[in-house]
Amino acid sequence: MTELLPLRYGFLGPEGTFSETALLGWLGSPTADVVPHSSVISALDAVRAGEIAGAMVPLENSVEGSVAATLDALASGPSLMILAESHVQVTFSLLVREGTQLADVRYVTTHPHAEAQCRGWLAKHLPDAQFASAASTAAAAADVASSSSHFDAAIAAPLAGRVYGLVSIGENIGDNPAETRFVLVGPPSAPPPATGADKTSLVLYMGEDHPGALLEILTEFAVRGVNLTRIESRPTGGGIGDYFFSVDIEGHVDDARVGEALMGLRRVCAEVRFLGSYPSVDGVTPTIRRGVADEEFRDAQAWLARVRDGRG
Amino acid sequence: MTELLPLRYGFLGPEGTFSETALLGWLGSPTADVVPHSSVISALDAVRAGEIAGAMVPLENSVEGSVAATLDALASGPSLMILAESHVQVTFSLLVREGTQLADVRYVTTHPHAEAQCRGWLAKHLPDAQFASAASTAAAAADVASSSSHFDAAIAAPLAGRVYGLVSIGENIGDNPAETRFVLVGPPSAPPPATGADKTSLVLYMGEDHPGALLEILTEFAVRGVNLTRIESRPTGGGIGDYFFSVDIEGHVDDARVGEALMGLRRVCAEVRFLGSYPSVDGVTPTIRRGVADEEFRDAQAWLARVRDGRG
Amino acid sequence: MTELLPLRYGFLGPEGTFSETALLGWLGSPTADVVPHSSVISALDAVRAGEIAGAMVPLENSVEGSVAATLDALASGPSLMILAESHVQVTFSLLVREGTQLADVRYVTTHPHAEAQCRGWLAKHLPDAQFASAASTAAAAADVASSSSHFDAAIAAPLAGRVYGLVSIGENIGDNPAETRFVLVGPPSAPPPATGADKTSLVLYMGEDHPGALLEILTEFAVRGVNLTRIESRPTGGGIGDYFFSVDIEGHVDDARVGEALMGLRRVCAEVRFLGSYPSVDGVTPTIRRGVADEEFRDAQAWLARVRDGRG
Amino acid sequence: MTELLPLRYGFLGPEGTFSETALLGWLGSPTADVVPHSSVISALDAVRAGEIAGAMVPLENSVEGSVAATLDALASGPSLMILAESHVQVTFSLLVREGTQLADVRYVTTHPHAEAQCRGWLAKHLPDAQFASAASTAAAAADVASSSSHFDAAIAAPLAGRVYGLVSIGENIGDNPAETRFVLVGPPSAPPPATGADKTSLVLYMGEDHPGALLEILTEFAVRGVNLTRIESRPTGGGIGDYFFSVDIEGHVDDARVGEALMGLRRVCAEVRFLGSYPSVDGVTPTIRRGVADEEFRDAQAWLARVRDGRG
């Protein structure tokens, strides 16, 4: 007798990361069966191996920029697909073991990005503290939670405090409001239906690196009225000056204008990797300029058929 | 019992015009059943009325430029289609009635374009002659042939001399080599099959006359690697500054790159009138840049279908 | 003792043409010293020879399109300059000798353009009349005025009726309102000061006829926010497919954006001929997009100088 | 009595980093007076404070991509200038305390980028080792060198082994050849003279984030024949989707084509920050297309001056 098992999802761990927050928020259930992974690569490899239905990993942060590990892992190896995106407000707390006072804090550990984002608060409240890098903010919290820790405090997400049994003695200590964009990555499949407010993610490799290649790519989009919302250049590994592009655009692969632009890219790029079409988290319907709506494409196609048949 | 009648063709007359030369050349038979028309419009109207299978009319001259009457007649009224093109070397003779000597020539008639093209020869050989305009070079020859003519000589095609029984006392009197491009215009139909060296003619009306409209049109072509060989602006009749464009491009409507460009134009223009795809008279196969060959379009389309199905 | 002589101007004759109307209107005096010329070329040659201060000639008509003779005469030979433009409403009258009634009219002469523009009226009121071509509408009127004329009526401007002593038996007989744009052409000189609503006329020769040449030209304009109001291709005389472009743009050569665009064209074209900057007849100030106003150019130039000096 | 002191330079420390290798190579003297800084920001702040004449910091790596800390530090705060660039081949060694054998190695520390670049070698030779992150490869070496270190080995540059008295038991253990591009950053000044093979670095902030902004920027470059060699988008900190661009181009700010492109950008961008023109490390002279050489700009400028004066 076959039992229907609930789907299991992974996230960039350890427990208590913003990735977990994003995943639980997306699942809509704080008690879902979720599993931490020690790196973006291991999370995505688990998806590839079929061990999990999807993995929530960070793609970019409004202060720190893109997450290279994620961009690179999606750009090579067996294909994966972005199924959804999620924006999480990033807030930092100063987490300590029960009983530690602010005045006691001399050694602090956290991820370098987090330290960078809290520099103002730290300069004011902990001007003499020393900092050590941790692999993630949650790992820093886990370290502080251990009885043998060298550190007095960790800078991490509030969730990490709850997970590791730490106490917060400083909340919202980030200098500026920041948010991280996470993506839920699954195995290749037909994209979810278009909602009217969708995004599509692509990886584009140029053939020969001729000077006008990027202009050529942008023109393929512009001629079909397709707007870019993000473009990142990443090294191919072939040497300084050799890049590929990671791109997000407005619209769904089933939209006619997006489809024609993708075919154009397929023809002029050495390789186009489709990373998925998924609902845009902001739900804003893009403005579609004259000439690129689906019905205008359909009308033009019918007209061309008539012209070719002599009924034009 | 049904009798199969040979097709009848018309040309811009009267007899002896370069249009007739072009038509007989295209038919490949000097004894074909051809009929002169007094104007481009009447020739094209005879096609529209089904009286003739096609009409040979001039489209442009390498010295005088485009023939507005033809461009305008093709751009409005019931649809017509260019079935073929022909280039005719234009040579002018000074034609007189038997017995007239060069020294006797004082009054000359011809079409103003012909006079313009022979100005150097005339200044040297007939410095004191007076000129009067005729509706065509052949009409000038016909006038001189009449016994009551006011004129001593006509400047016209050698054929006109033979047709009207005149004698040539000056040959090849044009200042520069010149040629005229003629088109054979028939009723709407499916275009002849692509030969690999084809041209396509179009009429493009902008919607609103926004400043970048022409740049937008050229970009629709350029993105699909479609080259223009001629572009003419013509007034719409709506006032100074209101134009439509008459355009020739390399390629056949059945070529994928041409088809996609035409659909793009259909979407951004107020109106696109397809005037036909036909073999290019020079037989030169256009250079097709990377990314726009038919097989690249087919591959891209198949790839897009796979991506949309989740098999990408 | 030196006497200051009034300037003398020429126009495309004979007397009574719309060119004369345009010239007298521009001079603001019906009694000015003006002189007819038998052709556009002879009028412009008189300017080149210093015989007249300027010549009023037609450039384009809202129904018939551009006037090739004018475009070509301006594009070659010693330089000339457009000093002003003028739009004249073109109206046609049916002009006869005193005593002729409409019912008597069987033979009509006029310029072919005029016949084309009155076709509707003629079909209704003179369905059986025969037409002969004249070199101009004014020449047709002059012919009818002669006692030995073969013709009963001329189609021409009302002014031609007054000049040649004819009577109008049909007024405003054109099928559609039409206007002609005339330009006053003088010797090369510094253009009149910018008014804020100016036009600039150019002739552009491509170097080698590479496919993207026109797109390249339009991009030089677009990048500096310069709008085209007219573009005509004309044959260079070198063979079918060899064109130059006659172009009008919004703005004055002293405007920074126009100056930079002209320098760009000078660098990519084989030849750029400047035909003048002059007040636009419609007086409409063009919209100047962000980044191309004179003060923005000045600011950018000052900034670049600072950057180059290390004070950026 | 004034003493002329030799200039002092800083680098991203600690001692033994590839930054130090780059700096010593650039100075051409292994005994120069150089000083390590604990972060890119502190090195650049020391330049701003006038404590050092320049700082050598990493900008991008051929495997890991751009160094966000450097891009961001250059893009905000008081202006700085890139004076030179340097490419350093990145090689990794497995460094241990005297006496440690490969078989003894269980705990390894290094920078995460270095671990990523040696993954293949590590999987083969140290399949069971555990890894901990360090702030830099040199910091990892320093840690291992301390008698109280928890770690058996560090992955770092050969130089770090010499600096910290460690022994290499694995050389060139990187999976792929990699190189890092360093830049020497100094205070604002006039750039060094153009060599013919130069680069220019810029930071570009869009005004409003309209969809075509990037296309607009690239067109400003393309129209003047200026090639991009690197483009990075970085978050402005204003929220997901708000980016600025860090760009390298071929050419020197004193080149006419670069100067005009920069002025164009200044006019359409909200802010352009000039980060310097400096000799390209590869010494390759860029191909300069027709129309954008300095002498063509000079000729065009002289021509425009003549046209504006009426001497055109």
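Note that the chains are named A, B, C and D in the order they appear, and that numbering of residues resets to 1 at the start of each chain.
As a convention for this text, a residue touches a chain if its C-beta (ideal position, glycine included) is under 8 Å from a C-beta of that chain, and two chains touch if they have at least 3 such contacts.
Everything numeric in this text was worked out from a predicted model, so none of it was measured.
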item: Partner chains shared by subunit A and subunit B (touch criterion as defined above); value: none
item: Shortest walk length in steps over touching chains, subunit B through to subunit D; value: 2
item: Chain centre separation (subunit A, subunit D; CA means) in Å; value: 26
item: Subunit A-subunit C separation of Cα centroids, rounded to whole Å; value: 61
item: Sites on subunit D at which at least two other chains make contact; value: 219
item: Chain-level touch network, classified as line, ring, star, complete or other; value: ring
item: Residue numbers on subunit A that touch subunit B, as the complex places them; value: 79, 81, 188-191, 207, 219-220, 223, 253-254, 259-260, 262-264, 266-268, 274, 290-292, 296-297, 299-301, 303-304, 307-312
item: Contact set on subunit D toward subunit A in their complex; value: 60-65, 68-69, 87, 112, 116, 132-135, 176, 178-179, 181, 211-212, 214-215, 218-219, 222, 227-235, 237-243
